[in-house]
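Should a chain be cited, it is by its letter among A, B, C and D, assigned in written order, with residues numbered from 1 in that chain.
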Amino acid sequence: MFEHNMLVRVYYADTDAFGIVYHANYLRFCEMARTESLRELGIGLPYLMTEYGIQFAVVTVTLTYHKSARLDDQLLIVSTISHIGRASVTYKQDIYLTDRQGDLLCSVEIKLVTVDQNMRPCALPEALKMEIV
Amino acid sequence: MFEHNMLVRVYYADTDAFGIVYHANYLRFCEMARTESLRELGIGLPYLMTEYGIQFAVVTVTLTYHKSARLDDQLLIVSTISHIGRASVTYKQDIYLTDRQGDLLCSVEIKLVTVDQNMRPCALPEALKMEIV
Amino acid sequence: MFEHNMLVRVYYADTDAFGIVYHANYLRFCEMARTESLRELGIGLPYLMTEYGIQFAVVTVTLTYHKSARLDDQLLIVSTISHIGRASVTYKQDIYLTDRQGDLLCSVEIKLVTVDQNMRPCALPEALKMEIV
Amino acid sequence: MFEHNMLVRVYYADTDAFGIVYHANYLRFCEMARTESLRELGIGLPYLMTEYGIQFAVVTVTLTYHKSARLDDQLLIVSTISHIGRASVTYKQDIYLTDRQGDLLCSVEIKLVTVDQNMRPCALPEALKMEIV
């Protein structure tokens, strides 16, 4: 399966009074990386809706924080799809620091289910499955 | 015209690596205060849509920052409507510190226009105007 | 052990284009509830630093999303401490909808470790342990 | 004076239940663009602090919203410095849509003052002034 790499910069907006990236913002970075990984496959978010009538909704998230990122750090987000189910896709996303020694900062596992535009669960279209495998 | 007061606490999520409230978050606090000021008048956001078919969209904002708020500070947001037009409402919102000597932190002026559910400008319903004056 | 309840309102700032609360924002709500649960015990965040020289840093998070919250919904966050270790505190936080039938929206488990002001791990002070048990 | 261009993508995290970019997030986009415009001149944020002992603090903001951006839109942020004072820098930042007809979405004017690490106002160092003019 494919692996997608994305660079993200840490701005003031991402940090907190502790001087580090606020823990919830890693989920925002991960959303950005998943969206770009789909775009690289030719699957934009509007296309998901117009072509397949579906969206992805997050159902479970596991985050493990190893080290902290700071203001102006550059992060590398490595995203892979670890499992594709009948109506779900599970991502493994690791966030590294590019500036110091490439430390692993945060490991994320996110399971998303396919839903229709009324947020009702629906099967992952076979054609879409082909595109993302 | 009425004056609405709302207390808000500063959490890590609101701050940045400078140790202060991130400047954009005052707009978030102001949105909260405007929503609660309407609720106090019996006008919930869903009611605006179901009863009048409108929402408010921000068109201009002026922010002046006087002092900084820090983690765990308690803020007082004082909201007044300074002008009601044919299709707009203008708010004056001042944010004070409650903990130290009541310093004025930030002054905001926000003009909102009434739009329908397709984001098209529309007149402010007379009945609604009555409710908020 | 104690149980802490906190009400939170959903504003535009908390929602996304799907019409629901953006998944990362539940972590923000949980931070607010943990901070208020400590305050109820007389432990403000500045007090943690000045009295004990420590802060809490998030190390692992598990989120399970059951249903979606929408604009203007009122949420109830129920927080309990499920485990206290030598240098860690683990919270269980459940987020319910108060408006409809009290649906469980999201279950969160968060492990925090005590760190000094340089972000180095340190033991949870016994006196503090007494206060939060 | 220089002009800096930056592209930004709109993700779910940036949008609200109205289906558009939440109004406060344009300030976040503008902060990103100012930081990158300084980096292009060789002035990273840590450098500002280590070399000159200063940071920039926002004092006034004026935002005018013309049109709305939506999920997955690509935005172009055009930043110019409109005024440099003894202890301040004023930016003009215009945000355009790249995807449709290049509509102007939002115009921002932001005045920042130079402060030392204790948030006390201080003069803009002459050497730095040379670098950003």
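Quick note on the criterion: a contact is a pair of C-beta atoms (placed from the backbone, for glycine too) under 8 Å apart; a residue touches a chain by one contact, two chains touch by 3 or more.
Note that the structure is predicted; figures quoted are calculated from it, not measured.
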Seminar exercise, completed: From the listed A-B, C-D or B-D, the one duplicating A-C with over half its contact pairs the same is B-D
Exercise. B-D versus B-C: which has more C-beta pairs touching?
Worked result: B-D
Exercise. When the centre of a chain is set as the mean of its C-alpha atoms, what distance in Å lies between chain A and chain B?
Worked result: 33
For this session: Compute the distance, rounded to whole Å, between the mean C-alpha positions of chain B and chain C.
Result: 26
Seminar exercise, completed: Between chain B and chain D, the Cα-mean centres are separated in Å by 23
Exercise. Chain C: which residues touch two or more other chains?
Worked result: 12-13, 18, 20, 24, 28, 31, 71
For this session: Using the touch rule from the top, collect the residues of chain D that touch chain C in their complex.
Result: 12-13, 15-20, 22, 24, 70-71
For this session: Under the touch definition given earlier, write down the residues of chain A that touch chain D in their complex.
Result: 9, 11-13, 28, 31-32, 35-36, 44-46, 71-72
Exercise. Taking the complex as given, what residues does chain B use to touch chain D?
Worked result: 18, 20, 23-25, 27-28, 31, 55, 57-65, 68, 119
